[in-house]
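Both complexes shown next keep chain A, but they swap its partner, so chain B is in the first and chain C is in the second.
Moving on to the complex of A and B:
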């Protein structure tokens, strides 16, 4: 469970409603009737609960686990041990293949107690439906956000900072005038977005790498950066219609609240958000009970039986998350998922942007590109369990004895590092994405950092190998940088000299090859954990058909697997889909009129104001020493 | 601030707003009647009235004038109270500027106060830095910055300070090169630097080319580029001109903008080349508003 508590929140001046099982005891009995029963407190389910509760529906929301979040759980080290025991001992036959390493077994020091483990770490693009919803629903008020501006790409044994905005392109001395021009042209194109509907649909058959090369004459390095780092896509052959909106979300997110494209919630990501929506639902009257699962369902009477023996009459609909244990059906095994994915040819133009056989001759595709107008996108697959909509996500979490400050922008505590396809010794087919959190993120204490790696390779074993290799690259890189740090020092704008011809300074912090580097000090792992979970693919779920949990049933429906992406894309769309299945349409989804409008107090007209102090309130940090800002989103 | 969308209001919203503002309008009229009386029998009262008035409407220049008259009368009465009041004026204007960074009368009043107080200008530079961090394109801030520097060094700014300013413009231009004020400030600094400390022309050309190439539709960068070529400060050799001509011709072939065409005409004329009538025609087509200027 997260370190977040209502007491702490009250201290910072906002009002956070209490929640059963977090800052209130779990109730003994559940009500005997409800309109909608939701089993599983994952993020999409929690949004559903809040949306329904505010709309006036009587919601009973339960979870088989003793913490909130379901597959989005955020666990303390103690809860983590319990989770590992359940999964690794095979009592949950999910094939997650969890592997856990601890540096000194049995030595659970007091510091280790202060770690938080985020089962599905996320970062949020500033321009996103999730942030809009958080603000609209006022759940953002229960959370603390921090900015994340550093995206790194790993290529040829070194990390490069991503040149994603005008300032970075302008000051990047490794790019030629011509490249800068092409890049700006492309960025303008993406931002202005004047592309026609049918032309865009035709782009579902064009790999993004080919599109950028032919249409914008971009070079490989820039394409990799745009698609894999800025767009956070899995590989260069995803369709252009899939990748372009992903590149666009990064660019649109810049300079909305500051120079960072992404933010993250402190003390855990999707689990914190899920908890926030549950708090909101509770305010609107939803009932919560943890540690109880759905054990029986009577289709005739719509009566649900729970593991605590209670029976609940459900008036409208009941939902069971696919990751919640229940004797009604077996849990989905990751191995089944993976095998299908490798053997099946993914249909073209699906929600995931995968173009199926990646060995297609590029020229053949490009010929079809010439006839864009004639092409039509193939229909989306409607079954959420078809391979077009779901896959597996393999993750690795490591807590290390190094704060990794070298990777963060001054004053920030998190960064993204991506390993493009083919950049690892394993010749990885899929990109490996990493979120690095330092002490300021509220999940590790000082002196440590936490690395969350993930990849979507459908082959579990290959995925695991890729993750291991990426981990070792991260390790040698941080050792090299912390060693060289005091020799080079950090370079500032003043060091940039424009000399005719060759660049004077290339990559500012991380440029030298890691080869032949022998670390002088070792990096210690506090723990390392690898696991694989089933996830959804794609961003739009409005066309999927929700499946019944039991054959023939139309009242007890299964919710969808949480998307495996590190952005929140797709989750709001899932929640809307679930909402629509209850209400009939999603028109009034979170159409809530909150009544309390806090009045701001007027200042005493003659009260003396210290000029510089009063300026600080309006200007965020000085340009030389930006202060790390914790953002409380206001309406 | 730049890039903030103007919100359109419906008639109904406007009517509601008028109703809401009725109280403020009455308050304004009452205050205004008092302020323009110029009744200096009670200076404290005048200061209080103008404070309320200017918080409500910082563009009320008559109120600023009345306030200054009152402060000058304070000087005749008690020197210490006068100085304290001036210090308060700095706080007062600083409290208004963040919300109203583009109101000339606030800047004007601050200048007036700063001159009378004299002394350290570090505080003023700090204030400008903060305001320029918030909006790096606010020309009021940039103008005030140059004024402070001249005052601080009595019109004789040492080269080390000018170099610092030059770096400051680099910092701001790097953040967003579409900034007329920052390029202009750069020109002003270069003009003050002795020849041996001035950056090389080639370095400056290379620097501004990045911007011109990245966004050929950005006028601010072109202005600096054409100023450099004009030879106002640097002697521009024929080789450099030819090199630039090649570069801009390549740019123009890919992206036909009026700015590039104008730069080409300028380069050709500096090279004493024949007037390119085709280019002039194209330019008139792209920028018909200035056709008479191009025809000359």
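Moving on to the complex of A and C:
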């Protein structure tokens, strides 16, 4: 094993440990010692592992599941079946209400192998701390990114494409000159961002909708577009100080790598990134083992017992993700999260852990955390388990037999569709956000697309109803749009039905020409899955206090629930917080000198290349020349 | 003289830990055998070039297992889109050949159908040395014959080489390079590049 310790590494500054293991001796059992043990390979934990490993810390990283990612995992069809069984067995967070539907897919086995299911889908804004970190850490080199430019808003039964940049505003014929001028004024304000700190802080009490209406005289349609689509906020009453940076993020992200504000990684989002950071950690010497869980912890000796029977002496810290099964504590109960959020208050535990609720047992651990915090006199808001920091995210995944090309820009394979509050027949209080992936995203094969819907309504049942309604809206919309292609040539009465009354859907491409027609043909769902996950809220976690897994322990800490947003906001902040709890500060977080920079010579195509004698190893890319030629390998 | 065309492919290394995968890679990459090496290969992977024709270069992006194979924790990412795999074994170890065979089975499950797999026996220098020391030995030295027949049966490329002396290393990579779908690479390239985001091409230049 590596002889580097965190302390030594700190003294030495950034070090590059020896390349891990391919020709080190085979070891059958996990190491008996490590500096830091991390249980759970979620994205924040994986970033932590890589940051620590590159800083010289000896990391043992395990996961109870046989796949990487923890709550961020990305599953093959086969893994998904296993996961569903696990949920049914109760060894995943309880109360997830996972519902699963598969159509009789005929010859699914060969085809189905090519499906991937992203348990927590994300898109990446170009201007984001996550992308900066991916480039700096070189983990971006393991990933393939594609642009995502289409943000659609569903309003008044139609899809509107978001008017996100100046050019679009100028050319958008549906906007009046007056509206254009006001929008331009607002966009200029956001981009220049000359707002004073105390003025900005005061905005935390002002709903964004009111602010945009009063300060910029924007109309409802533009406000919805800016806040719900561009800003991806949950509703119009979020504070201006929350929403403005999110709107700004979109605008700043445009035209950095192309005419898109966001990107997605192929073959899955956060789970793919987690794999990349784990690989990076392994290169720096971290040890990986999957399918093994933390079963025991001795607080006196800091010895961890794992389910494979091994015992590990932990020198510095151990972390257990709250979504990892472990007999050390009960699993999270999603219902409790939801209930608290609805009541907008904190848990009312009285010290006995008895809430008189049906979820009594599962509540206990969080009550004990809460009580501990009270005893310590810590501010409640700093408790990551308080409702200020946590909530639920209800999700629905559907694979349909339609490529949904109509929603993508030419050459792209993904789009965002948002359903603003009040736009669904359920009169949804919270926005429903959807990521649609077509065949080019490496998630579904040709002929299919995958729809990921999510909402943050704290009422699980309402959230589920909203998702179902949004799904049916998506369905009728895509049917209408894809049917139009056949319309000119071969329209028959059986293809299309006439619907009386209000128009049902229209689209950005088709305008309103087909609003009164509804096709009778139904979309085929290869599969549909709905579930609810416990998630974190917010973007900044630097003030939270990490909680011990067992009361009184200060070495074995619980990590944080993965944020429920579809952007990567908050994850780097969480990883930094975890890192700080080990190293004492996050100053040198991923401050890695890769040492090979001087060897990084770009290949000169004019130089004759001899395969063996004059070979120069060009370790691909460097912070100075990020990912030149590496971004695309798929052939 | 015009610049050579460069076709890029992903190559993964597999095999039991003690067979010398990294040494082999380093030998190829640097042309140096470091007996007692403490390498700093960096965060990503090696990019190495093989010139097939005066105006055609195959660039391998070589992924090392980084030790994640030790507890079978190799991520799907490792196998994904790999065009070639070198499955390395020790010419003197029957056990390492058995492990190599299980890696080949793993590749058949995890990797793309079109992947080119080369079975590579390392430590040819040791094998030759043993043979030289006992020229009249009637007993079998090494496991070349078993390995060769397995490779033929399984449809694998087969090489014997020495990371220590450099013998035959070039042939391994050149042989694999020749099997790469070069024409397909160039024909799909144009389309793919339009869609992929090049993180090195930030127009504002401040992405990092």
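Here is the rule we use: the second predicted complex is superposed on the first by the 492 of 635 C-alpha atoms of A that agree within 3 Å, B and C clash if a C-alpha of one lies under 4 Å from a C-alpha of the other, contacts with A are read in each partner's own complex, and residues count from 1 in each chain.
Methods note: a contact is a pair of C-beta atoms (placed from the backbone, for glycine too) under 8 Å apart; a residue touches a chain by one contact, two chains touch by 3 or more.
Being a predicted model, the structure only gives us computed values, none of them experimental.
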item	value
Chain A residues touched - chain C or chain B, whichever exceeds	C
Contacts of A:180 with chain B and chain C, given as first, second, both or neither	first
Touched partner set for A:440, first chain B, second chain C, both or neither	second
Which superposed partner A:267 touches (first chain B, second chain C, both, neither)	second
Partner chain in contact with A:527 - chain B first, chain C second, else both or neither	neither
Partner chain in contact with A:151 - chain B first, chain C second, else both or neither	neither
Chain A positions touched by chain B in one structure and by chain C in the second	605-606, 608-612, 614-615, 617-621, 623
Chain C partner contacts - residues on chain A that touch it in the complex	16, 18-27, 30, 54, 67-68, 76, 126, 131-132, 135-142, 144-147, 255-258, 263, 267, 272, 275-276, 278-280, 282-285, 287-290, 411-413, 440, 592, 594-596, 603, 605-606, 608-615, 617-621, 623, 625-635
For the chain B and chain A complex, residues of the former touching the latter	48, 51-52, 55, 88, 90-95, 97-99, 123, 126-127, 129-131, 133-134, 167, 170-171, 174-177, 202-203, 206-207, 209-211, 213-215, 251, 254-255
Complex interface listing, chain A residues touching chain B	166-167, 169-171, 177-178, 180-181, 184, 493-494, 496-500, 605-606, 608-612, 614-623
Residues on chain C engaged by chain A in the complex (per definition of touch)	1, 3-4, 6, 8-10, 13, 16-23, 28-31, 38-51, 57, 59, 61, 64-73, 75-78, 80-81, 83, 166, 169-170, 173-174, 181, 184-185, 188, 192-204, 207-208
